[in-house]
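Both complexes shown next keep chain A, but they swap its partner, so chain B is in the first and chain C is in the second.
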Partner chain A sequence: MSRRTSAILWGVLGVLAVVLLWEGYKALGPAEGVVIGAVPGEAGSGVLILPRTHDRAMPHVWDMVARLFAPTSGGSTPPLWVSVLGAAGLTLGIAAVGWVIGVVVGGVLGALMQRWRLLEWGLLPWIVVSQTVPLIAFAPIVNSMGLQLGRGGGFEWPQWVSVAVIASYLAFFPVAIGVLRGLAAPDRIHLDLLRSYAAGYGATLWRLRLPAAVPYLLPALRLAAANAVVGAVVAEVSIGMRGGIGRMLLQLAGQASADPAAPWGPTFGAIALGLVAAGSVALLGLGLRRYRRGEATA
Partner chain B sequence: MSTESTTGSGATTRATGVPSAADPAAPALRATGVGKSFTARKGEVVALTGVELEVAPGEFVSLIGPSGCGKSTLLRLIADLDAPTSGELTIFGKPAHQARLDQDYGIAFQQAGLLPWRSVGANIALPLELHGVERAARAARVAELAELVGLTEFVDRHPDELSGGMQQRVAIARSLAAKPRLLLMDEPFGALDEMTREYLQSELARIAAETGAAVVFVTHSIPEAVFLSDRVVVMSPRPGRITDVVATPLGARRDDGLRESPEYYAHVTAVREALHGTPTHRPGEP
Partner chain C sequence: MSHSIRRRLGAVAAATAASALVLAGCSAGGGDTGGDSGDFEPLTSIKLQLQWLPQAQFAGYYLAQEEGYFEEEGFTDVEIVPSGGDIVPQDALVAGDVDFAIAWVPKVLGSIEGSGVELTDIAQVFQASGTTQVSFKDSGITSVADFEGKRIGSWGFGNEWEIFAAMAAEGLDSTTVSITTQDFSMNALLDGDVDAAQAMTYNELAQLLETVNPATGELYTLDDLNVISYEDTQGAMLQDAIWADTARLADDPAYADAAVRFLKAITKGWLYARDNPEDAAAKVYDIAANAEAAFPVGPVHQLWQMNEVNKLIWTGGTFGLVDSAAWDKTVAGALAAVNQDGLHLITADPPASAYSNEYMQKALDELAAEGVTVDGAYTPIDVVLTEGGQ
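Up next, the complex of A and B:
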């Protein structure tokens, strides 16, 4: 209990510290920032080494919060926080689908590679390379491939499926690596014992390899969740899907010169999204607590 | 003696698989011309050569020798955890592979090797679970075994809550779960302190007598080998082989009084001489 209270306390302190830093710099820093090497008379020359602090660049924290309760885009539109919540919810749902696909694909790949060395040699380099392909380039290709698939099959390929697929593309990687390492984690003595009981691959997987892999799997699943959220947000933006938090962020950022506090709404939404995703995986870890018994002792 | 009635056929606990009939007259273990070499980086390592050994049902045989003489290797070959390079191994008249599939032996190592996420009871039940024994029969057998090794109050605990000696008792209970008529043990008390060690030696002697199982027991302690065994097999390294077999008949009485008796000392001396008389070991001695 005291550990939880102190964790909450540290969390609150951290947020307060960020707010203080923000407002402190805003109060003390120069309004136009600090630029070095500027050529007089030439606009935009030089390097900005300290950011500008005027209200258009750095709105006050309370303005950001107040903006959340103002209408989204004037008139009788719903308050910004409601729109943010809806958009974040949509993105979270798509990211969750991507996470599930990624976990399944990554889990199967990891298990195959662990079982057959040859597959590890053949597949692992490609899996690593796959993560270096820039998402911005890759997302539209996935989308257009999906659309063509839909046209060929006579159905409509929803955009959100593309987003989920792209999210899963980032999510599967840590899972594949975690499963590969985790399933290989059991001690020799345990493997010998199961062999002495004439246990087959399936029984060994279920009763020994998977439970022993849990300490490797939880961080992998957490990373996958974070990756799925990032992947979903980036994919939304790059294929132009409407309704999600990424698109909303982009849209409001475009109007920032007129309404500088507005983009902070979806920014907070995106942060909350990541926290919810990570928290869900932490809950999963709570359920698997007994498989982490050995971590401290053995 | 209550467990005596539960040994024997073992058929009641085997719900699946049809164990091939064991030859009742066959020895618990017969090794003929068994050899094992490993291909290491620096060429071939002959871990074992020309091993001839027969263990009768119910007999307690220890393997003793300096480290690297192939004791663990021999035990792993018997258990079909590794395949011999040459020779033949039979357990109750069956090939070692078939004996493993039929769970004819139980095995325990120097490390208890308990699964940390399973309770003591679930650890003991693991071999039964894997052989498809139904839940009720499993629970009954676990209770019986927990009592046999004196851990009835601890069945719901987890391994990290147990001392090393208690963990090793759980491992012994687990090795007995499927009622094997052959027990294979690789220095099971090697990592324990002297007090716990002597206590568990007495316990093991009692359990072996009660269950009537044959035991192949690896150790590098001469007193331990003599105290427990009917025969002590002396081995020597480079290449690993059997150099001597010392009979150590001390009868059924294996209690602490035995450790003080003159025959016990005589046997200890005999085994020590057999060990040190080998030419590759301590060449300076007679």
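Up next, the complex of A and C:
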């Protein structure tokens, strides 16, 4: 069996295991879940420690799949999977823009910090702190700042730009750190060799530091892709941008009492989105294969 | 028929731009606006901000567009802007992004006091409150007084003030009633996480009735539920109203003129919805299903919504006029309400400019002169809901 077929086989087995786990718990678990500390006669008291298993809380996997092929909004509207695909595509596009901004900003910051130690001391703590700002608080601020900027400058600030900016805010962090560590990775002896050739900073960067940084860079780019997707989805929900997968999920969840399988469509879409984003970055790694010595598989 | 509004607008604009401009000139110069047509260029392009996504709740506005009533009143380009919760209608109006906005009265009263903006309710479309508190029959909750010691679901985001106003009238507060934030599905009630859940007659109540009762295998029915309508309590507040910019109404005669023409058009839209509920619901569903990322609930749900919304509009009063008693009750409730965090919605009476019947009355008079009458009542239809409303 070739490596490729065994990889596919393991992938299918993994999905099957999740389906079995879901249906198994649904079949065996209590319909109303397990609640501890409930006071009889008092609604909503106690803590739910095992989830409910009835059809509204946990629809059957086949119902979720069947729902994907039913019309999104009844009548003659397109099947749910088509709407999901459209929404996921939009979010992916915005996340990609955010990823590119994040990679550029993170790359520049990382390179600057590596070049001048003083900058590293001054900037690095702020970069770390920046990631502790809660996104749901930050996203509406970015959006309203953008809108005000647009009003003042006489142009229209589209909502998706806010979403991309927020996605880039999450994406730049691993890149900045990866570049900082990666550019500092070459051995002293190699740096000394280049110095003995009288190579300047530019030549050292291009011929030594960047190739040496690849094993640090690729995992950072993958992390950035995942962060950009998460950032885009959360930002969409938090500023209420319509059209993307996050907002679609929220909206269908609001109709979930009568149509519990519907929100699982965009949920699958979000999963596919993450896979596509990570996969695209992996493709990038193929072109850089000869530099990937010693990379930890992430 | 499935076409996007935008495409239709484009076609209409292209085909009728010239003739509609002439029409606009006629309607402004034809004595409709009190003969001050020489002082201004009539507005032909306006924007209306909704408070949610396209659904039958806003049928009258979409029908005014679909049936060409806006063009009859001299508008060539009317954009109806949905909100997915991202846009607060009164904020968009204050910022000048739109010309008119649909919003609940208590929410705007809060904005007027909170940020000192000046907005005027120029038409009270919904005359009655559609908010209810729904519980199962066996809970024994049949009135607001029964909330004591119970866990009560509420949406927040300014949708909750009727609950607190009704509780205040019963002498209840958040120390005696446990208030829980619920989402827009009805799962909190179905799973027993709350004793009574907040629901609009035209939306969440229907969602509940579109859900299968696992005990019977059939859909839940109203016989399974106790429905407390806030309209019957001291907490009732006025809801969907059309808001305009107060200062602009006073200073800009073209805007005041556009307001009257706009109200005439939407009155005709709502009359259409009253007299043809099935057709109106089908048209709105069609628009919503084709709108970008609106994901409306299915056609049967929209028909239910159309029917319930009509009941809130055509209550026997005159369409669109603010009933001063209902207004005073809303203000009294807003003053009395204290939420679970101890906050008040408003602490002083709103300014007199907060509502005006001047424009609506003018619109009604002009409609009457044109032979369009808005008297008559709505005859509710029977809507049989289906699972998921599809």
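Note that in this section the second predicted complex is superposed on the first by the 291 of 298 C-alpha atoms of A that agree within 3 Å, B and C clash if a C-alpha of one lies under 4 Å from a C-alpha of the other, contacts with A are read in each partner's own complex, and residues count from 1 in each chain.
The working rule: contacts are C-beta pairs under 8 Å (C-beta built on N, C-alpha and C of every residue); 3 or more make two chains touch, one makes a residue touch a chain.
None of the values given here were measured: they were computed from a predicted structure.
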Ask   = Regarding the shared-chain residue A:Ala253, is it in contact with chain B (first), chain C (second), both, or neither?
value = second
Ask   = In the superposed arrangement, does A:Gly44 touch chain B (first), chain C (second), both or neither?
value = second
Request  = Report for A:Arg242: first if it touches chain B alone, second if chain C alone, otherwise both or neither.
outcome  = second
Query = Which partner reaches more residues of chain A, chain B or chain C?
reply = C
Message = In the overlaid three-chain picture, which partner chain does A:Ala164 touch, first (chain B) or second (chain C), both, or neither?
response = neither
Message = Looking at A:Val142, would you say it contacts chain B, chain C, both, or neither? Reply first, second, both or neither.
response = neither
Key: Set intersection of chain A contacts, chain C complex versus chain B complex   = none
Query = Tell me, which parts of chain B touch chain A in their complex?
reply = 76, 79-81, 100-103, 105, 107, 109, 111, 113, 115-117, 126-127, 129-131, 158-160
Remark   = Seen from chain A, its contact residues with chain C in the complex are 32, 42-44, 52, 54-57, 70-77, 83, 87, 151, 159, 239-244, 247-248, 251-259
Key: In the complex with chain A, residue positions of chain C that touch it   = 2, 53, 82-87, 95, 150-151, 178, 180, 183-188, 190-195, 207-208, 210-211, 214, 285, 288-289, 292-300, 387-390
Note = In the complex, the residues of chain A that touch chain B are 187, 189-190, 192-199, 203, 207-208, 211, 290-291, 293-294, 296-298
